[in-house]
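The structures come next, written out as structure tokens.
Note that chain A is present in both complexes that follow, paired respectively with chain B and with chain C.
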Partner chain A sequence: MIKTLIKRLWLVPVVLIAWELITKAVESPYFPPPTVIVSRMYEMWFSGPLILTDEAVDNFLPSIVRLIGSWGVAVAVGVALGVAIGRAAWLADYIDPLVEFARAVPPPVMFSVFLVLFTMGTQLQVATIVFGIVWPILLNSIDGARNVDRLQIETATVFGVPASLRLFRIILPAASPKIFAGLRLSVSLALILMIVSELKGSTDGIGYLLTIASANSDMPALWGGVVVLGVLGYVFNTLFLMVERPMLTWHRGARRTA
Partner chain B sequence: MTAASTLTRGGRSPLARARVGKLVRHAIGVAVFLLVWELVSRTGLFKWLPPASTCLARVVGLAFDPEYLEDLSSTLLAAVIGLPLAVLLAVPVGLLLGTLPVVEEMTRAIVEFLRPIPSVALIPLALFIFQPEINAKVALIVYAASWPILINTLYGVRDVDPLATETLRSFSFGSAAVVWRVSLPSAAPFIFTGIRLAASISLILAISVEYVVGGSGGIGAFLIEASTGLGDQAMIDVIAVLLWSGVIGLVVNTLLLRAERRLFKWRNA
Partner chain C sequence: MLEIDNLSHVYGDGPTRHHAIDGLNLSVAEGELLCIVGPSGCGKSTLLRSIAGLIKPTGGQVRVEGELVRQTPANLAVVFQDYSRSLFPWMSVADNVALPLRRKDMTKQQRREAAHEALESVGLAEAGRKYPFQLSGGMQQRVAIARALAYRPTLMLMDEPFGSVDAQTREDLEDLVLKVRGHHQMTIVLITHDIDESVYVGDRVVVLSKAPAHVVGDLKVALPGPRDQITTREHPDFVHLRAEVGRLVRGVASV
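Take a look at the complex of A and B:
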């Protein structure tokens, strides 16, 4: 156990030490040594009374709340609408080009539309994230709901299974692998849009901290912000996989026996 | 291919008729959308939304706006430089990691630490380190676009039929020859999918950098400047650029998908 851990992780301390030594030797202002970055992070964000400082609470929390809230809205809207559209077969040809088009718009462009509407603040961030990430979720949900095995649905109809039960027991489970593929994309996209919308047009958030650090040419703080965002990305991806895995286990099992 | 073309040449085959019907329904869908947009705006239901006709006229207008065209080409140029560099960087690394499991295991922890870092978080740093701005843009595109290509190459190489590599080995081909003749060709479809993903990522990065820098070129800068416009003009400009960017995204994606299908037809057959 420990042996495999060492085997897997030994390069990490080696890289960190090499990074420390090289940056100390070179003394480039743009590449502070990792120890400097960590101590700056501690001083700015983790030296408060309850570990976190006021600056950390005032900026990390709004970012995370906006991220989770917007993601939740996009998932609810995207999946509900997607499954409805996917089940209405006649609608497909009318709506497909519109959804494909919306999906092809580079998500950061959406930001500028809301910049005109809201100029600043939470609405701007939430709208940017929701309208940026809803398309892959919608597209995948449509695709998943459209390709449910017809025999299963017809069997259920013949046996008089009510529509709500059909939705939760047949359609949603059958569509879930596709839906989760869309959700996985949306997690990292949401983080990207959170940062973009905070770099511009925000007065708080982690992206805003980056803007301040950049205005002060505070390199250790900039690197620190990248570390925090990296950890956030890692945590969200891991949480997502933890939810996804048990939800899709049956699917992999079913594929194997088939 | 030949069967399909003889079918469509008649023009009355069921296949062709179905295709025409589909196109008609596509057109109806788009037309209804535009009509609703026009009505919703004209009746004042959404005061902030300029009518579809005004926005579409501006879309056409932008095609003759030298300032916009310059910004557009600046954005696309960064992507056109960055994407091939990412391919040149990520494909060899992916082949290396894919063929040498020892190296892959060694570096996995590093990769797992770096990959979740959202690339846009690096924008302010990159703007300090790489001067002028175009270099920062290209560097960020190379970094961000490399990930999907690297990961897909890695998966593609792992997916290679071991029988093929072992056969070549037993005919005493060297490792380089095995990679060149078996691993790379059979991983190619995966690599191409990675490149298609990377293409949209490179546009995301380019526009985000231009937002942050502002005022120095690119559609991102154009959008920021347009968003400060007076009255309805700001929204008209921004929506017109949004429509442009959607068309560009659609064209790039369709071309790459077509190329993918044509190049790797042998695989689906």
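Take a look at the complex of A and C:
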């Protein structure tokens, strides 16, 4: 256990120490040493009464809530629409061209359009994130639902499996390896779009802190924001894998023996 | 029990047109175990899919218990050749067997018991919690048979059910079919390309021509029971019948 941990993580302190030594030697204002970044982070965010300061709570929490909320909306819309399009050929004929067009639009461009369409603040940010991350979920769900093995569908037909069971016990599980591939992409995309959506017109959030720090040329704070984002990304990805792994055990098992 | 009247089916149109079945007539009595043999690609699977209501034949009629087949009859079960695709890999073995029972008026407990009983009858009482991929091919096909049995069909269709397993397993599964038909009141239609198998398992063997398929031979199998892989196969009647079926399959006139 400890041995494997050392094996996997030995590079981290090595890089940190090297970074510290090089930045101390170079003394560039744009590249503060890690110790300076950490003490600035501590001072700003982690020296509060319950570890977190008010500034941290007021900005981290809205970001995380918006991230999770938007991801939830994107998953619900993407999977529901994707499975419907994947299973109904007539629906695909209508919607496929629209999907291909809309997903080609870079989400940051849409931010300016949404700026006009939606109220400043959470509404705008959720719209931006959802629009940015729904595509990999939607496209993978379409692909997964469309390519359910014909024999599995026929088996369900022969044994008269009712429609709702067919959806939840056959089509969704059959499509789930693909759906999860889309969800995994959307998790990392969501983090990027969360920041993008907070850079303009926002009054709180990690992206907002980054804009302030950048305006004040507060490099340690800016780097501190980067560190927080890295940690958040790592945590979300780990949580995601914890959910995905048990749900796809059958898939890995079936693939190994096939 | 099963009446097939002047059945025809044509796939596609134009240059890809394929005439699979042409004017096929067949009648199966209740409780019979009928084997259908024919050269590969002769339209056996098309026939089975028409009986199961999975395709709509372009001509003729199929009746199960007097009812015209438009969709899959409620009392019909199918065992497909490709067990690895017809069992659901994300469900445990017991769930696979119990799933079709959801349409029946049964409690969860009753479904579980029925699934266990069916698994027991195919010799897999201990495998309920496992997943299909953890079982060998032959065992997976036993699960597919258990699923069909638990469903308590009056008509069971088997589409080359032992085509993807090794010879030893194949014999075991043939004997399993003979065993379970004794315990359940049902009619079985088993499709195969294996001549020996059709004679060994069937009460009656129907031979199809190559595509477009129609019936070229219909033989009663009167072998002394109980059947046994060694003694039945060396019985003079068996040897004679398999030769007869073989000639019909190859399209050679019998002598």
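In this section, the second predicted complex is superposed on the first by the 249 of 258 C-alpha atoms of A that agree within 3 Å, B and C clash if a C-alpha of one lies under 4 Å from a C-alpha of the other, contacts with A are read in each partner's own complex, and residues count from 1 in each chain.
Keep this in mind: contacts are C-beta pairs under 8 Å (C-beta built on N, C-alpha and C of every residue); 3 or more make two chains touch, one makes a residue touch a chain.
Worth saying up front: this structure is predicted, and the values here are computed from it rather than measured.
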Under the stated touch criterion, which partner chain does A:46 make contact with: chain B (first), chain C (second), both, or neither?
neither
So, does A:168 touch the first partner chain B, the second partner chain C, both, or neither?
neither
Determine, for the superposed model, which of the two partners chain B and chain C contacts more residues of chain A.
B
Once chain A of both complexes is superposed, is A:155 in touch with chain B (first), chain C (second), both, or neither?
second
Which holds for A:219: it touches chain B only (first), chain C only (second), both, or neither?
first
Quick one: is A:108 in contact with chain B, with chain C, with both, or with neither? Answer first, second, both or neither.
first
Give me the intersection of chain A's contacts with chain B and its contacts with chain C, in residue numbers.
none
Parts of chain A lying in touch with chain C, wherever the complex brings them together
149, 151-152, 154-155, 157-162, 165, 169-170, 173-174, 176, 250-251, 253-254, 256-258
Tell me, which parts of chain B touch chain A in their complex?
21-22, 25-26, 28-30, 32-33, 48, 105-110, 112-114, 116-125, 127-129, 200, 203-204, 207-208, 211-212, 214, 219-220, 223-224, 226-227, 234-235, 238-239, 241-242, 245-250, 253
As the complex stands, chain A meets chain B at residues 7-12, 15, 30, 93-98, 100-102, 104-113, 115-117, 188, 191-192, 195-196, 199-200, 207, 210-211, 213-214, 217, 219, 222-223, 225-226, 229-230, 233-234, 237
Can you list the residues on chain C that touch chain A in the complex?
52, 54, 71-72, 74, 76-78, 80, 82, 84-86, 88-91, 99-100, 102-103, 131-134, 147, 151
